[in-house]
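In the part that follows, the structures are each spelled out as C-alpha cells.
In the two complexes below, chain A is the common chain; its partner is chain B in one and chain C in the other.
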Partner chain A sequence: MKYHSFSPARIWTLAAATVTQLVRMKIMAFLVVFCVIVVAAGFAFPVMNPEQQLKLLKDVSFGALQIFSVVIAIVSTALLLPRDLEDRTLYTILSKPVPRYEYLLGKLIGVLLLIGAGLVLMDIAFSAVLWLRQSLVLAQSIAALKQEGVATPEALAQLNEFVGKQGLTWNIHLGVLAIFLKASVIAALSLMISCFASSTLFTVVISLLVTIIGHGQGLIREYFFSEGMNQIMKKLGSALLAIITPDLGVFDVLDNVINGELVSAFSAGVMVGTAAMYVTGYLLVSHLLFVEKEL
Partner chain B sequence: MPDSTSSPPAVTVENLTKVFKSGLGKQAFVAVRDLTLTVQTGEVYGLIGPNGSGKSTTMKAILGLLSPTMGKTTIFGKSSIEVESRSDVGFLPENPYFYKHLSGLETLLFYGRLCSMSGRDLQDKAREMLALTGLEDAADRRVGGFSKGMLQRLGLAQALLHEPRLIILDEPTAGVDPAGSRKIRDLIMGFKESGITVLVTSHLLEQIQEVCDRVGIMAHGRMVREGRLDDLIAVENETELILADASPELLAEIRAIAESKGAKWIRSGHSRTTLERLFLESTEEPKS
Partner chain C sequence: MKRQIQALTVFLLLGAIKLPIEEAATHHLRGAKLLTKPISVSLRESLGQASFAASLGGLRSLVASITYLRAYREWENINWAKVDSLFQITTRLQPTYFNYWDEASWHMAFNAASSYLYNQDINPMLRGKLYEEHVQRGIDILKEGLLFLPDEPRLWNSLAEIYARRVHDPKKAAECYLEVFRISHNDRYSRFAGYQFAQASDRESWVKGYELLKRAYDKEQRPPSVIDELKNLEDRLNTPPQQRIPDARPKMEINHGEVGPTQ
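After this line comes the complex of A and B, so read on.
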C-alpha cells in the first residue's frame, strides 16, 4: 500500500470513529432534553405580551444551545486524547502509518461534526417551534385587534412587521452559527490543553476557566487598561490576553438576535475569521506539543 | 531462511539510549543504555528480560512512539521517525485495548482504513483475520465485552490485517490461556514459514525458545547476551542422549563405558513432557 503523508481518508476514518464513540456514549441524549426545554418555553407564559413571549422562547433556546455546545466542546474533547493514552489505544493507532497531526485533526473534526450536527438538529426543532409560536401569536394579536375594532391595514402591517422581526428569520441561524464558531474555538482550545494535561479533569477545569475568562476579555481590558495607560502597553497587554485566552466576546451576538436586531455581514465575517484564526493557532500549538509527546 | 543480502535489515537499533526526564529535584531515569541490535529480514527475534529491563521502551522507539535520547532505529532501512516506516509493520502492544464502542469487525475495519485499505478487499481481509484468530463469532459483539484473551487475539488480527513484512509482538501471550497461547505460537511459526519478520518479547521463555531464531537478553537497559538461540542455550561440555525402550541393563552398560572413558555421568531418568503439553492433551476435545 502506497503511503501518502496527508490522507483525507485517514482523517475521515478518525473523525467518523470519534463521532461514533461520542454518539454511543449517549451524549446526544441532550438533544431530547433540549427539545423538551424549547417546547416548554414555546408554550409557557401565554399571558405575556407577544414580544415577551417570542423573546423568552429565543432566550431559553439559545441558552440551551450554548450550554450544549460548550459542554460537548470541553468534555468530549477533554475525554478523547487522555482516554486513548490511558487505554493505550493510541499505541495501536500511531503504530500504523498515521501522522500525529492527522490524529489530532481527525479528533477535532469528529467533535466539531457532532456539535455541528447537534446544533443543526436543535436549530430545526427551535425554528419549527418558533414558527409555530409566531403564527399563533400573530393570529391571537390579529383577533385581539379585530375584537377591539382597530384592525386597520396600517395596524395589521405594523403587527406583521413586528412579529416577523421577532420571529423566525435568517438571523436566528446566524446566532446558531455564532454558537458553533465559539464551540469550535473552545474545542480546539481543549484539544491543545489535553496535549499537555495529565488528566481529563485537569483539561476540563482549565478549559472551563479559560472559557470563562475568554467571555470577559472586554471587562478585563476595561478594568486593567486605564485611560492614562501607554498605547503600546495597551496593545501588548491586549495581545497577551488574546494569546492566553480566546476573545469569545466576538461571538456574543445572541442578545442582538434575541432583540430582533440584524447581525451584519461584517460581524459574521469577523466571527468566521476570528474562529478560523484561533482554531488554526490552537491546532498548530497542539501539533507542536503532541509531536514531542512521549507515549 | 532469512535473506539478509538483498534487502536492508528489518530492524536496526544503533546505540539507542533513552532517558526519561523526571520532575524537579528527581533524578532522570535511564530506560535503555547504548543498545545495538539488528533483526534480519525473515527471522524471528526474541527480546527477553525482566520487568523494567527496557524491552518495551526499545519497541516503542522502533515504532517511533518514543524519540531516542541518543542513537537511531530503522525499519527496513527507513528511520523510525518517518511515519512511512510504519507502513510495513504490524504491532501488538502488551494488554491491548481498543475502542469499547466498536464491534470486533468494526475495529478491524477502522484499523484497515488507517492503513489505506478500503472496500471489498478490506471487508474480506477483516473477516479472514477474524477467522484466523478464532473471533468469527465475536465479529458483531462490542469490544467492551471481550475477555482479555479475545482482546489479545483481536490485537493480533489488527496487527496482521495489512499484511505487514514485520510484526512486533509485545508479550503476545499475556493473559491468554495455554490453548490460545499455543495458537499464537503456531501463528508465529507460520509467519516464519511465510518469510515475515517477527520481533517478540515474552516472559514465557519456553515459547521464545520454541519459535525464535535469535535472542537478545536485556537487563537494566543493556543488552547482556545476544546470539543464535542454539548457540546461546547449548552447554558446551555436556551431551544429551535420548533413548526409547532402553533396558536397565543397557543403561548400566552405557554408563560403565562412559565412565571408563573418563566421562562424568550426570543424570539419567525418564524424559518429561511439559506442563503445557500435558494441559493441551488433557483439555483438547476429541475430534469427531
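After this line comes the complex of A and C, so read on.
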C-alpha cells in the first residue's frame, strides 16, 4: 500500500479515537444538566410578560450552551496531550508513520466533533422547549385578550409578531453556529498552548485568561486606537494584548440574535472566515511547536 | 530552538494580520446590528467583578436578564431607587432591547410616581415634587432609549402616553404619536395624534388636529370619537356650515358594561 504524507483517513481515525476517549471521560454528562436548566428556565417566572419569558429562556439556554462549549474546548483540549503521554498512546501513534501535524489535526477535529455533536443535541432540546413554551405563551395570551374582549385582529397580529420574534426561528440555530465557531477558536488556542505548556493546569489557566481577555478585545482595541492617549507604555501594552489574543467578541452575536436580529449569509460567512483564520493560524503555530518537541 | 522562533514569528505575524481583519469584521457585524458596542468600563463598579467578567465573556444578555429579575424583585419590595439603578444597568447592558427601556420608564413614570403621590406618610408638597421628578425620570429614560432605537414605535408610543396621561402636554403627545405613525404607518396613531392636538389650547394645534382627523374621516375611519372631535373642532375653528362634515353628533355616553360609546 502506497504511503501518503497527508491522509484524511488517518486523521479521521485519530479524530474518532479522540471522540471515544472524551466520551469515556463522561464529558457529555453536561447534556443532562443542560436539559434540566432549559426545562426549569422554560417554566419559571410565569408572571412576566410573554416576550420576556421567552427571552429569559433563550438567555439562560444560550448562556449554558456557551459555558458548555468554552469549558469543553479548554479542558478537553488541555487534557488530550498529557493524557496521551501518560497512557503512552502518543508513543504508539507516533512510532507509526503518522506525521505529527496529522496527530494534532486529528485531536482538534475530535474535540470539535464532540463539541459540535453536543451543541446539536442541546440545540434540539432547547428548540423543543422553546417551541412548546412559545405555543403555551401564545395560547395563554390569546385567551387573556379574548377574556378582556380586546382580541381584535390588529391586537392578535401584534401579539403573533412579538411572540414570533422571540420564539423559535432559524436564526436561533445561527446563534448556535456562532457559539461553535467561538469554541473552535478557543480549542485551537488551547491546543497551541498545550504544545509548549509544562502542565495541564498551566494550559487551562492560560487558555481561560486568554479567553477572558479575548472577549474584552473590543475595549482593548478602542483603548489602543484612542487619540487622547499619550502614555506610550500603556499604548504598547494594549497593542501587545490585541496582537496576542483573539477577538472573541466577533462571535458574540447572541445578544442580538436573542433580540430577533437576523443573521445574513454574509454575516455568517464573516464569522466563519474569521474563525477559520484563527484556527489555521493557531494550528500552524502548534505544528511548529510540536514538530520537533522532545516527548 | 529554530522551530520555536519560527512559531513565535508566525504567531506575531498572525496577530498583526488579524487586527485589521477583526476591525473590519466587527465593523460589518455592528453595521448589521449583530454586535453592540463593548460595555463601558464604568459599569464594572455597578455590576460587580463577577457579573462584569460574565458580561465580557459573552453572557451579557444573561447578566441583563439577571439584573432585570433583581429589579423585578425590588419592584415587589417597592424600592424605587433600587428599581431605577438596576434598570439603568440592564439598559446599559442591552441598549438595543426596547422592552427594558419601556419597562424602566413605565416603572418610574407610572408606578413610582403614583406610589409617591398617594403615599400619606409623605408631606403633600414633597409628594407632588416626587411625582413630577419620577414622571420626568420616565421621560428621560425613554429619550435615552430613543437615542439607541430611534425607529422603535413602541418607545415613541410610551413617550406619547406619558405626555398625554402624566404630564398633560397634548402637543408633545401628538408629536410622539405622529412619530409612531411615521414608523408604523398605522392610521390609528395618526388619529391619536389628532385627538391630542384637539386637546391643546392653541388654534394652530386645532387646525393640525382637524386635518388629521378629517383625513381619517375621509378614509372611512369614522368611529364616534372621530366624529365627535371633528364636531368640537369645527365649533372651535368656526368652520363655515357648508365645509362641516354632514354627520350628526354621536351619543358619547358609555353605558354600564360597555367598553366604548355606542354609535
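Side notes on the structure shown:
Note that in this section the second predicted complex is superposed on the first by the 275 of 295 C-alpha atoms of A that agree within 3 Å, B and C clash if a C-alpha of one lies under 4 Å from a C-alpha of the other, contacts with A are read in each partner's own complex, and residues count from 1 in each chain.
Quick note on the criterion: contacts are C-beta pairs under 8 Å (C-beta built on N, C-alpha and C of every residue); 3 or more make two chains touch, one makes a residue touch a chain.
As the structure is a computational prediction, the values presented were derived from the model and not from experiment.
When both complexes are overlaid on chain A, the residue A:E294 reaches chain B alone and has no touch with chain C. In the superposition on chain A, A:A197 contacts neither chain B nor chain C. Contacts of A:I186 after superposition: neither chain B nor chain C is touched. When both complexes are overlaid on chain A, the residue A:H215 reaches chain C alone and has no touch with chain B. Note on chain A: of its two partners chain C and chain B, the one contacting more of its residues is C. Once the two complexes are laid over each other on the shared chain, residue contacts for A:V60 go to chain C alone; chain B is not touched. In the superposition on chain A, A:R88 makes contact with chain B only, while chain C stays out of contact range.
Overlap of the chain B and chain C interfaces on chain A: residues 292. Contacts from chain C toward chain A in the complex involve residues 3-4, 6-7, 10-12, 14-16, 18-19, 21-23, 25-26, 28-29, 32-38, 41, 53, 56-62, 64-65, 68-69, 72, 94, 96-97, 99, 188, 259.
Taken in their complex, chain A has these residues touching chain C: 45, 48-49, 51-52, 55-56, 58-60, 62-63, 66-67, 70, 149-150, 154, 182, 196, 211-212, 215-219, 221-222, 242-244, 246-259, 261, 263-264, 266-267, 270-271, 273-274, 277-278, 281-282, 284-285, 288-289, 291-292. On chain A, the positions that touch chain B within their shared complex are 1-5, 7, 9-10, 13-14, 17, 20-21, 24-25, 87-89, 91-99, 292, 294-295. The touching residues of chain B, when paired with chain A in their complex, are 20, 60, 63-67, 83-84, 86-87, 89, 91, 93, 95-99, 101-102, 110-111, 113-118, 155, 158, 162, 168.
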